[in-house]
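Chain naming follows the written order as A, B, C and D, and within any one chain the residues start at number 1.
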Amino acid sequence: MSDTPTFDLPRRLTAEALGTGVLVAAVVGSGIMGERLTDDVALALLANTIATGAILIVLITVFGPISGAHFNPAVTLAMRLRGAIAGRAALAYVTVQIAGGIAGAVAAHVMFELPPLMLSGHVRTGLSQWWAEIVASFGLVGFILGGLRFAPHAIPWLVGLFITAAYWFTASTSFANPAVAIARAFTDTFSGIRPLDVPGFILAQCVGAVLAVILFEWLLNPGQKLTIRFSMAADERD
Amino acid sequence: MSDTPTFDLPRRLTAEALGTGVLVAAVVGSGIMGERLTDDVALALLANTIATGAILIVLITVFGPISGAHFNPAVTLAMRLRGAIAGRAALAYVTVQIAGGIAGAVAAHVMFELPPLMLSGHVRTGLSQWWAEIVASFGLVGFILGGLRFAPHAIPWLVGLFITAAYWFTASTSFANPAVAIARAFTDTFSGIRPLDVPGFILAQCVGAVLAVILFEWLLNPGQKLTIRFSMAADERD
Amino acid sequence: MSDTPTFDLPRRLTAEALGTGVLVAAVVGSGIMGERLTDDVALALLANTIATGAILIVLITVFGPISGAHFNPAVTLAMRLRGAIAGRAALAYVTVQIAGGIAGAVAAHVMFELPPLMLSGHVRTGLSQWWAEIVASFGLVGFILGGLRFAPHAIPWLVGLFITAAYWFTASTSFANPAVAIARAFTDTFSGIRPLDVPGFILAQCVGAVLAVILFEWLLNPGQKLTIRFSMAADERD
Amino acid sequence: MSDTPTFDLPRRLTAEALGTGVLVAAVVGSGIMGERLTDDVALALLANTIATGAILIVLITVFGPISGAHFNPAVTLAMRLRGAIAGRAALAYVTVQIAGGIAGAVAAHVMFELPPLMLSGHVRTGLSQWWAEIVASFGLVGFILGGLRFAPHAIPWLVGLFITAAYWFTASTSFANPAVAIARAFTDTFSGIRPLDVPGFILAQCVGAVLAVILFEWLLNPGQKLTIRFSMAADERD
């Protein structure tokens, strides 16, 4: 989650694609393993939770210094709003996050002898689910911003532990990530989401991310007023 | 858990309210998710435990430098007794902790399509339960005081891990927090507590906190005698 | 696990007694909670494991700088063999560890509305069990010695995580602690051990500890030959 | 995972043998404990996962400064390709890893009153399994290389957490280690693998390790082209 990457764009995009891919492979793969090994849905979700939380800590530690370890268009949006990434690079980030995520789903399916891509039939829609995604994305982005300010080295743990908790306390199991949501539309297994329901999730995730930027920019900067103006000046180093 | 916050009172109170709110949302929400997904009460409690422990680590890391990350009137009481917070600020802390906690319960209920507020019917009373709360609060406050002395950066982990353990080894599942106890009176789900039983819990929690301050002030300060005099001088910076 | 405590003996003994007491309360209490909430023994043991591992990390972080955080006569024996604690202090340590452990069992029983002390009927004996205790105590002491040499600040985690693993991979669930074994003879619940079987466990634990001191003193000190001579000179500062 | 061990070869080999032995004892022992205590395969695998992840963190922290804490011929191969270990030492490492691993299986069997060595009947073969092992070994080696570059002190956690996740998201439960695979051929319990299937696993593991070296050498070194030339010059300090 470094603000000052010194790696070139191809390496940063490789890190974003690979990181998002492994993240989705972990989410989808552990979901499949869980539902195959037990009939207890709570236990399957617990395995899903542990695998996701653990891999996030690893991925952010290793790829953070290269690309900032967003792996998540909602995080890239928040960084863009803060002026921490240029517009062109942000677009490239989001593109490879989505592509990497889908590739991660394929990788998981091949491991478990499933078709490379399927369409999910798992209904996840309605006001409660969207509210859950707003909460989850607000928390994720807010705690990343707080971590960047006070404990940058702890960010891998903050993200991993927040998602571990949010899997259980948000009714949507905390997707909190548009690229992961898109990739999960292509798996008809434990962690899937019906394609039709993806746009609602993405919208809610962006709303949560923007709210977090607004509140935490105020909260973390004494002397500054609450505002919705964003820094779009962005360093154009890319 | 910093002793020297440099943030203004509105930001500190926002951090306390938001932190307590997210904490309660995590406790209540994960309790609901657990009881919906499994019939095994131990498994539901395990999910509840993991979500609570994980979110505590995140919240204390991010909000600690702003407000001290009390989220808990028993902790604020202990800090007041040590003279680490002024009386007026302490009262404001407790007020927003309670308000934030109730808001957190509402946030969780909306995610899970439940009425915003309910009254719990979950009986938690009797000498054994009160003893459990004394033990839990004694440990929580004592280990925070020890952590402040020897390992301030580890405090998020000390609190998260202590509560993780105390969920299981105290018969009350370790509320150890008057604001959270009040908020949990308003949820008729897994983690609820009958309103009638809340005062007994709060009293036990305060007793445990005061005992911890007495013992650990002696234990941590060689050359000092065991005493029940408290520093109430408190810096009046607020 | 500090080698150079600067706290006076009464405070060190208080830390040892309180730490061992909370440790036993966590082991016994979480065992009771687990067996009450589920019929699945693996799940009960998992709860027992998590509570024990988590509380160890907390206790060693907080009490380490005061007393060295032994909480365990086998560890005190190893420190005595290394000359890191005087003989008289070591005897006092072991005495309060045992007393504190039994008090911890009482504290747990009262929380769960059980008789203060019971005699366990849980048979744990035989060559396989003793071998398991040798392995567990060898690992515990060896990894503490390695940690003292290379990563002193990580010792709370090394101990907590080693015990977490050893609960599952040693057939005895890794008591690895004579004081805890004695205390667990007084609980006729999940974590109990038949009094008759305690001496065999204690002997095996001491064997494991001594073997660890011998091997790790060689392993950690290049240029030194494998030897069974111990430093008994011990600084007589106590 | 230190690149510059200052310990002599006998101590380094002792660390590799002992570390691999304890690792295998943890994998095999916790698998036996899990399958004995529950009928739920997911729960048994969860216990297996937690024990393995926890012991890896301990072992790498303690033995890393002595031998680099490979415990794994695929890791030794990667270090050889990077020129971080001499050829003769690498061969000795692999030899004692295999011997230590088998001894660890024996140690576990004796604890659980089983024959010292058995041949496993657990079929693990086919393209999906091999693909899973490629993914697992690629990730393990890649994240070690990334960790060595950016966060050397975090490597014990990176490895422990990656394996924790990979147990669940790879269809093979992530052996990712030729020495451990060989040792697990000698246990006809939960974690076993049919001897006939071991060569396929080892080949896949080496492929994953080599791919990781190629990609991460490029990714971590801006200005360097993607290449398959390896540094075999290796310091001949051994």
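As a working rule, contacts are C-beta pairs under 8 Å (C-beta built on N, C-alpha and C of every residue); 3 or more make two chains touch, one makes a residue touch a chain.
Nothing here was measured: the structure is a model prediction, and the numbers come from that model.
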Chain D against chain A, contact positions shared by both copies (same if over half, else different): different
Longest centre-to-centre distance from chain A, chain (CA-based): C
Chain B and chain D, separation of their C-alpha mean positions in angstrom: 41
Distance from chain B to chain A - Cα centre to Cα centre, in angstrom: 29
Numbers and ranges of chain D residues touching at least 2 other chains: 40, 43, 46
Chain contact topology (line, ring, star, complete or other): ring
Inter-chain touch pairs (all): A-B, A-D, B-C, C-D
Residues on chain B engaged by chain C in the complex (per definition of touch): 40-43, 45-46, 49, 53, 128, 131-132, 135, 139, 142-143, 146-147, 149-151, 154, 157-158, 161-162, 164-165, 167-172, 218-220, 222
In the complex with chain D, residue positions of chain A that touch it: 6-8, 11, 14-15, 22, 25-30, 33-34, 37-38, 40, 43-44, 46-48, 50-52, 54-55, 57-58, 61-66, 107-108, 110-113
